[in-house]
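Think of it as A, B, C and D in the order they're written, each chain with its own count starting at 1.
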Amino acid sequence: MTLDDVLASLFPDGHDVRNDEGVVLGSAVLRSGTGMLVVGIADRTALGIDEAIRLSGYVLESVGRDTGPILVLVDSDSQRMSKRDELLGLNEFLAHLAKVLIHADMNGRATIGLLYGHSAAGALLATGLATRVLVGLPGADPAVMDLPSMAKVTKLSMEALEEKAKSTPVFAPGLSNLARMGAVHMTWSSAVSLAGQMEALLADMPAVQDKRDALGKERGGRVKAVDIAERVRDLALQTR
Amino acid sequence: MSVIEKTAAVVTPSEARQSADAAAQIERREGAKVMTSWQTGRAARDARIAAGAGLAHGKIVEAKDATRLLEAVIRPGDRVCLEGDNQKQADLLSRALLAVDLSRVKDLHMVQSGVVLPEHLDLFDRGVAKRLDYAYSGPQSARIARMLFGGKIELGAVHTYLELFARYFIDLTPHVALIAAVSADREGNLYTGPNTEDTPTVVEATAFKDGVVIAQVNEIVEKVPRVDIPADRVQFIVESDKPFFVEPLFTRDPAAITEGQILTAMLAIKGIYAPYGVQRLNHGIGFSTAAIELLLPTFGERLGLKGLIATHFALNPHPALIPAIESGWVRQIHSFGSEVGMDEYIRARSDVYFTGPDGSLRSNRAFCQTAGLYACDMFIGSTLQIDLQGNSSTVTTSRIAGFGGAPNMGADARGRRHPSEPWLKAGAEADPDSPAPLRRGRKLVVQIGETFGDKNVPLFVEKLEAIELAEKLKLELAPVMIYGDDVTHIVTEEGLANLLLCRTAQEREQAIRGVAGYTDVGRRRDRNMVACLRERGVIRRPEDLGINPLDADRSLLAARSIKDLVRWSGGLYSPPSKFRNW
Amino acid sequence: MIAPLKDIIPAERARSTSFNEASARTRLELLLDAGSFVEFIGPEQREVSPHLRIFDLPEQFDDGIVVGHGRLDGSPVFVAAQEGRFMGGAFGEVHGAKLTGLLRAAREIGSIPVLILFDTGGVRLQEANAGELAIAEIMRAVMEARIAGAKVIGLIGGRSGCYGGGGLIAGCCSALAVSEPGRIAVSGPEVIETNRGVEEFDSRDRALVWRTMGGKHRRLLGAADVFADDTVQDFREAALELLSLVGPFGLDGLRAEQARLADRLRSFGGCEDAVDIWTAEGIAHAERVPELSADLFIALANRIGRTSRDAR
Amino acid sequence: MEDLNFQHRARARAGGTRQSAIVGVVASGNLEVLVERSLPDADCALEIKTAAVGFGEVWSAVIDDFVERYSPGGLKFSINDGGARPDTVSLRLAQAVRLIEGNGQ
């Protein structure tokens, strides 16, 4: 789906969301009357310092003014891989965006990520993975690491990697793999109205607590993470 | 006897072939008295200079005209020395030579110490050059092997530096030398700076035997800081748009030194430097010798060896030696070349280094090689393969790195006549029965290394790959770096073998196996014989020397990073970017 | 026989041990009060990565991270140290989960700070999805811990630097200490070179790499508030200093960070190189900054360097 | 990867009281050795997972010498190896014994 398709399906009554060179900012009202802040990165745009600061600023400005949930739309490239971005501290800009989203979520502004296109690496961490619920749309193609790059580093052939990818979701690109990890909570259908699916999600929003590791275990993608984290937590709590 | 036969007798066949105009220089009178000219070479040289003069203002030729200059001056079949030292490269001139019109310049015979730049081999691919005599080919060792196998290069011989320099004066005298200098004045006086290296030798052989010297310089100045090469030996100057390339070949990052290398270094210091009292020496460029340099101010100091060992070196300005210099260990160093980033340090430590009136280092490869051969009591260095006789080689079937200077450093000089304590002691160990006044001393030639190298490749082998290579290339000599009969000691992490004390070939073999660790060679040792050699002190284990291998810790290194070296130098050492982590 | 070589007392060892060169375990041993460190899920538990065997790669018993608790000047701290030599210190499923669990405990307790000794290239390629998600969970857990009142301090001076998602986690911390060899960035030098060409970024030009991503630049920019000389003792002192400086986290801090970063972008967005930034900051002979000794640099940074205090 | 296992009888029990220790790191040319005091006093066992396939004989020789020299009775060694050279293996084994025999470090 294109950004316009997604917005039209989510907000059939119209919206005030603009795409300015890949930076998506605006707001809309759901049929239920719930107002949503909408931010995002579109057109497979790389997420650099210039984009990140606009997104975080937009969310911060809404704090205190708005109360509704925040929708983060994601169709990005990776983080922008340039000298300028790193020189000026891209890690801080991306972390800041993630922090703003996490802070909002923990202060009554439920965050929902909607991954409808591509995303990768640092860009995904600062956007979709920094929301409480990450939703995938059919056709989304996230790739933490693309297979040709992996083939280069691991010195394995593409065929060998594709063969291995059949037995584990742990490294290969794709929405279903991220879903099995617990990163993508649910995949919506593009055949029915996104608005309805959004209303249903908001009506039954999971708790603030990060349960992605439990989800990953449940789905068989990350069998150890939740247990290890729990064990460390328990041991640490005993030192109190 | 005909005139032509007589000419051929004076001139070598190859010279007769290439100097077509030489024949014209010979005056002939049909049926009358025959007059032979004895100055054909000078006339030919004058003709070459005249041909190039049209492109020059005075001696100065613009960089864009460099190829035309070479086309004018060089003749097909000429012997050309394209200055490629192991550090400094006449890179502008090598590119210019590569671009020549093949109808004017071809089939050259390259006589140069270093085959280092890709262009040096491109010359052969293109047909500009045909025959090669050289000494060192570090970075091009794999490609040169392929080209030799492919018949692209007609190989004269692989030499040591000193050997090739010697042949410049006997049978490999260049017709044209293409050299690199830091600066020139308008007269043509050259400043070759810290990386003087081979230049004086190349120019000496070329300029005084009717050759033409062309120099690329980084800049043309009113007055050079010092005259390394007088103007009357230089015919053409080309100003380069960027400084000549210099490889930082002697910088070893202390951060990469392993515990195993530290252990071997401790064994060498306590087991060889100390008992022989080695003061005058040369170090190879490996990490084990870098470890030795960095252990002198710590481990060496604790052993009370300061002033007693490692005081005089034939050595490039190794950054790893800075802590020992700063701690007062080192009195004097003469250098083959320089090292990138060491200029200011050297300038500030002229008590230690050889410097010119301008304050900068003056290196000279030929003199330093001679110093290493005759005035040093020890060479210690690493190698890639050692066989059961102690022969060593850095050649593998896919790589021919050449010899460089190690064989001269690592050889007993049969012409040596002056005594010294280590030399006499080693001689006595090798030959206890001869009367002392008639007994030759021995230079200590030490091979140091870990039993397994990179990727678990064993240091010790039953048969050197160099022999296989010689068979494949139909060479009369296998490229052996250091012959076994010159090697006196082998040091590995397992221990130290003193081959001077071996009396039979069998003892020698077992002494080598006895320090070969878990390599196939080491595991096939005769355990009883090795135990017996250990009792005799031929083999010494770390515990025999009072060294606990668990003490071989990186905290022993006087510097553990390049940054530490900078600190030791008081900020005078300025390492090249590739070695920095700041 | 020579004298035993290791007869040095612990504090002296911490002062003479390079943080950059030390292993994760040595860093913790010397950073904390002597003998106070207790590890959670230590190597003897053999909780290795379940994924490396798919690639026929060797495992490490602690999966490249050591977590536990100890004391710093008598006060309890949670600690996590990455081992930068094992798979570049990269985040995998188990590696990440250990840190997540530690941070979740810190959130529940609220008063015990967490020290993270970063040494990482980012996501572990062979378990990229698990590693990426682990980083997302850690970022979330850092923020939850901070909101609950726990301070989370990052110490950066390892050989693998603090790259990829590690850079983002560092950006989430309450404060950072960095040494000269420490590097903080998202994309690695080779990645930038591959994507933008060697003309924009020559990854082998290490001076360029360090002045773009290295500790001194990060300190001057205010990304890190304390510059430590490269010894474990200096990092110990830096950690203590930061623990005393850091205030509570809140919306104001985020707003201040927004202003801080926007100002940085405005002030230096047109700079081509770190030297231009340093010059714009009023540093005379800015090109000499990389050569400055730790003492001189700290004096300079205290005078001219920016801060992210109460703005992160 | 290749798994290798060795069982030895040791002359004597290893000194000290510490229950476990770890040295080294898994990296190219390096290894980690986890040593635990978990066997009868006269026994010694080594479990190795190595990235360098086909070096069983070398391992065997290294371990024979190690057991002979250090008599690590009662100790179990678990090794993850990134293709270390035999001399590095010997060193790490010796370091592991020193650490478990010492009183902490």
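Following the convention adopted for this analysis, contacts are C-beta pairs under 8 Å (C-beta built on N, C-alpha and C of every residue); 3 or more make two chains touch, one makes a residue touch a chain.
By chain, UniProt protein names: A = Malonate decarboxylase gamma subunit; B = Malonate decarboxylase alpha subunit; C = Malonate decarboxylase beta subunit; D = Malonate decarboxylase acyl carrier protein.
Computed from a predicted structure; not experimentally measured.
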More contacting C-beta pairs: B-C or A-C?
A-C
Going by C-alpha centres, which chain is most central here?
C
Determine the centre-to-centre distance between subunit A and subunit C, using the mean Cα coordinates as centres, and give it in whole Å.
25
Using Cα averages as centroids, what's the distance between subunit A and subunit B in whole Å?
60
Centre-to-centre distance between subunit D and subunit A (centres being mean Cα positions), rounded to whole Å:
46
Indicate the whole-number Å distance between the mean C-alpha point of subunit B and the mean C-alpha point of subunit C.
44
Contacting chain pairs - touch in the sense defined above
A-C, B-C, B-D, C-D
Which residues, counting only subunit C, touch subunit B once they are in their complex?
1-6, 16-18, 20-21, 180-181, 204-208, 210, 214, 216, 230, 290-291, 293
Considering the complex alone, what residue numbers of subunit B touch subunit C?
255, 302-303, 546-547, 551, 553-556, 560-561, 563, 567, 571, 577-582
In the complex formed with subunit A, which residues of subunit C make contact?
38, 40-41, 47, 50-51, 54-55, 67, 69, 76, 78, 93-94, 96-98, 100-102, 104-106, 108-109, 112, 123, 125-137, 139-141, 143-144, 147, 162, 164-165, 167-172, 184-187, 191-192, 195-196, 200-201, 212-213, 217-218, 221, 223, 251, 254-255, 257-258, 261-262, 264-265, 268-269, 271, 273-274, 277, 308, 312
In the complex with subunit C, residue positions of subunit A that touch it:
49-50, 53, 56-57, 60, 63, 79, 81-96, 98-100, 102-103, 106-107, 121-122, 124-126, 129-130, 144-145, 150, 153-154, 156, 164, 167-172, 177-178, 181-183, 210, 212-213, 216, 221-237, 239-240
Residue numbers of subunit B touching subunit D in their complex, please.
258-260, 450-452, 456, 493-494, 517-518, 523, 549-550, 552
